[in-house]
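Shared between the two complexes below is chain A, which has chain B as its partner in the first and chain C in the second.
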Partner chain A sequence: MRNEKQTTTTPLRPLKSLFRGVTRDWVLIVGTVVIVLIAASALAADLLATHEMGRVNLLATNQPPSGTHWLGTDALGRDMYSQLLYGGRTSLYVAVVSAKLATVIGVVLGAIAGYLGRYVDAALMRFSELVLAFPYLILVLILVSVVGASVNNLVIVFALTTWMGTFRIVRGEFMSLKHEPFVDAARTQGLSTARIIFRQILPNVASPILVALSIGVATIVLAEAALSFLGLGVPVTTATWGNLLAAAQSKEVLRNYWWIWVTPGLVISFFSIGVNLVADGLRDVLDPQSAKQ
Partner chain B sequence: MMGARAMEAILTVKDLVLDTGGKKNSQTLVDGVSFTAYRGRMLAIVGESGSGKSLTVSSVAHLLPSAVRRVSGEITLYAGDTEVRIDRLAKLGREMRRIRGLNIGMVFQDPMAALNPVQTIGRQVTERLLAHTRVSRADANVRAIALLESLGIGSAAERFHRYPHEFSGGMRQRVMIAIALICDPDLVLADEPTTALDVIVQAQILALLRDMVDDGRAVVLITHNMGLVAEYADDVAVMYQGQIIERGTVEEVLGNPKHPYTAGLLRCVPVMDMDRDVDLATISTAFTQAQKGHIS
Partner chain C sequence: MQRFLVRKLLVLILMALAISALVFFSIRLSPVDPISYLADPDSAISKDKLDELRAALGLNDPIIIQYFRWLFEVLRGNFGYSLMTGQPIANILAQRVPATLELAGLTFFLSTVIGVGVGLFSAIKPGRIFDSISRIVAVISIAVPEFFFGIILIQLFAYQLGWLNPGGRELPGDATFWDRAPNVILPVATLAFGLVGALIRYTRNSALDVVNKDYIRTARSKGVRESQVYIGHVFRNSVGPVLVILVFRIPLLIGGSVIVEALFQWPGMGSLIVSSITSSDYPVVMITSMFVAVAILVASFMLDIFKALADPRVRME
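== the complex of A and B ==
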């Protein structure tokens, strides 16, 4: 009854706009659910794991999925399901912390370069291009060989090699925002340059920064997997998604023991897809032009 | 200015010259402007676009655009017992910032653009107070709310946490005025504060500026609205091509313009009972007519 009444009284919305509204929410919801599920299970690894972290059992190597080992075991008889949960902790820790660090570096440098302009901007721009142009893997190799391979060193390496995207976004936004009348108004109030940059202008750039941050997390999860696959990432004694995937380097594993590499691969894919969906949804929600429909 | 009772000067500008300072085609933008703003008087600077009004006022706040390369002249601000030569201070120095914050209030043309879209009204009004004085946030909030109420923003305490886009144009301009007044400056510079507003709101905003003058502040109003000048200002300075070509009290200048340009400017204002069949004069026609002595 009520539905009928509504369709007769309200004019029909164009089907396209209706669909757009639904997809936007759908994207954000699905992405959030995937990320939250993966992150929560990694955090609750102690409760959810069926086996001790890194527990070697040479009597049950390369077992296919079964009642005791839900996702099978690897070449050393470690339970893949538990390893995945604990590995998620390290992988997500690396990704989240280094993405945040990279964002801080990018935001601060980008804000300063964009606002001050001239030679400060030129210098920071050239510096970012230098980092950007340097072959990524070689840079990581050098840094890892200098500071050594550990979880926190990896965080630093990622932070130092991924801030350039945020830097450029923030710099561009500042370059246009600094000519807004409200910045002039702030200047006539005698506010200091630092106050104008960080308290007046920066909040206006919050949404692109947030989107860049979430994409950064996904990028670093993938980068960690790639580095670990090459044996340059987190030391193999610590489980990470990338280290688990590294087992697929052996052709024998690839051919005969699919459960050892399919599941970490799926988790990594789902997570990065989830993050990208959230980033997409955030972009729409945070865009003031589309927010008021 | 003319009524020479012992008036207290708040700001004097003497022989201000601004130019673009290039070697080949240097352009003089403001050419030897002098004026004084007195406590309790509203000085209106009128003139067409590009006559140098806004630049003159920007130079008082020491915030000229970078295209203006050469500045000469004296700008003196009388703050309490001290005289400050603004033109001698460093543009971005701590001292100049303090003067901008505490001694000069500015009201802008477009209140939407001059307010930060992502900060609440309350934060924007209190920011200046928090930056320049040692007050607690709570005290600053109380002061700001009282000020907003006194400027005609009803239930200011509730609206305190709202964003600029939730306010109407007139209300936004009141917020701008609150930002200008929060540190209780002696001098208020209003750069075409009513251009973006409708007629009724224009009158309300001008009445607020008038109140400031009656409270003992000096207000410098930039406008090209002669009607507002006639109604609210005390003194007028007419600018044309970077120079002040006529000055005096409102009665003197509007009642009996001496310079043909001023006369021309006044002919461009529509008045009640004017001949409907005659086109309203524009500056170029009015000016040439006036120069030829066609003024009635």
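== the complex of A and C ==
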């Protein structure tokens, strides 16, 4: 009974109609433009940078923005503009790869829990609650302190701590979808359980997974920055947005050299706002009920 | 209801046990001799004395027995000793918890008043200028990293204007809360700013759901005054779901203020966790995070009870 009710209240739109809706929604457009600009400039860092990655110049430390250093230089004379581009590459690499890994974990566990139900579901739910009982940043801090903060370790830590949202969404969708006629049809045809889960039901859940993935990327960019800010993130020799912003921990920088901390902070903020706009826009396009509001 | 309660309570206890086991075995996996945090540092002087202590504390027993003995001690409030300072962890927590509660309590109050107020107000005329502005504020609040916002506040109000202090909780001689105000305002503002966004959105959507209900139309057609419609009907009916979100926020505040506490050198649980992690003080890290995790479990347990009381369908599940 309960499950029937759920399926009628959540109409699912196929991914195709998404692209028709996109043009209507300016929020989605603005968000996408911001993300694409930032991501593209980070990817093209080698072409766009005016100075070598991490090039120290002790003759030009703490310089304000000028013709040679568009966004000024930091305490070691590194060009902030170039550092931001290279830093973006590392930050986005960490965020995108770990968000994807987290999505894979969440989707697989969520699909299994939602489809099989019963004890498997109960056990996986309790497990996700156990992970959720620890505040996100504290969990990340503890794990990072155990495995050490290299770029790849961070990817693993973020993947292991960010899958629960996707897990819950996918589980919920599977619980209502498994009673649909097309699943019964697949079952009577004798398809294997794995095939039903991943080939028959999963494609119908693509849209909410996409939304969760984009939110995941923003969450991890912010968490990486927070971690670096606490001095526990990627080693300072590698530029990341968080490492650049962490310079603001110094009172001297904060008081006298605004260009060192304002630009990384703004870039992180714009990127995160962009992702949130896209996620909101996607949600509106995919779920007509929330768009009405 | 009784069965529901018992089942939820059982789950709570099992989860708390799982967390404690996780914490116990993680500390044991770390490369630290348990004697160094289980025994009072003053009593551990010589090698012979250490062996004696080891036997007395039962460190030669099977690990499972040691776990239950440790659990029993923890339940009695004996959490062991810090590796860095040698202080009992219970004493450290006793110093840190009030600072965090002060920050969390004020933030909770401020963000609730602002978030719910703005959310309701924008639901009265959706799409109008106030609503549009509050939507933009909500996006910024959710998306901008709170430490960046905090840095801007420090730069503005502490360094440029010199009105408030950039960090710390109290100076020697600060007796009353008003003496501390210059230190409290900035961290509270930073934390609250990060929280209001979701609250504005949630309240607004919840109120909009109610506005479209039939009984609101009925009230209007009966000639109830517009202000009375909003205060007596919309507000009262939309505040329920918002309360659920609010209850869930308390533990997030307690454990989630890590960054803000570190930024403002606020001597609470969050900065305790960070400083113990940087100094590899594993026992303190584990006990503190266990504390926070169990607090969150208890809060979500109370949330379940609350929901079950409000909605009988929840109990049937």
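Going forward, the second predicted complex is superposed on the first by the 257 of 293 C-alpha atoms of A that agree within 3 Å, B and C clash if a C-alpha of one lies under 4 Å from a C-alpha of the other, contacts with A are read in each partner's own complex, and residues count from 1 in each chain.
The definition used in the following text is that contacts are C-beta pairs under 8 Å (C-beta built on N, C-alpha and C of every residue); 3 or more make two chains touch, one makes a residue touch a chain.
This structure is a prediction, so every number in the text was calculated from the model and none was measured.
Asks: Going by the contact rule set out at the top, does A:Asp184 touch chain B (first), chain C (second), both, or neither?
Replies: So A:Asp184 only meets chain B here.
Asks: State whether A:Gly231 touches chain B only (first), chain C only (second), both chains, or neither.
Replies: In the superposition, A:Gly231 contacts chain C only.
Asks: Quick one: chain B or chain C, who's touching more of chain A?
Replies: C
Asks: Scan A:Ser269 for contacts with chain B and chain C and give back first, second, both or neither.
Replies: The second partner, chain C, only.
Asks: Please work out whether A:Leu130 is in contact with chain B alone, chain C alone, both, or neither, and reply first, second, both or neither.
Replies: second
Asks: Just checking: does A:Pro203 make contact with chain B only, chain C only, both, or neither of them? Give me first, second, both or neither.
Replies: After superposing on A, A:Pro203 lies in contact with chain B but is clear of chain C.
Asks: Which residues of chain A touch chain C once you look at their complex with the stated criterion?
Replies: So the residues of chain A touching chain C come out as 126, 129-130, 132-139, 141-142, 145-146, 218, 222, 225-226, 229-232, 245, 248, 251, 254-255, 258, 261, 265, 268-269, 272-273, 275-277, 280, 293.
Asks: Which residues of chain A touch chain B in their complex?
Replies: Touch residues, chain A against chain B: 180-182, 184-193, 195, 199-200, 203-204, 206.
Asks: Which of the residues in chain B end up touching chain A in this complex?
Replies: These residues of chain B touch chain A: 61, 63, 92, 96-102, 104, 106, 108, 110, 113-119, 127-128, 131-132, 176, 179.
Asks: Can you list the residues on chain C that touch chain A in the complex?
Replies: 11, 14-15, 18-19, 22, 30, 126, 139-140, 142-145, 147-148, 151-152, 154-155, 159, 166, 205, 208, 251-252, 255-256, 258-259, 262-263, 273-274, 277-278, 280, 285, 289, 292-294, 296-297, 300
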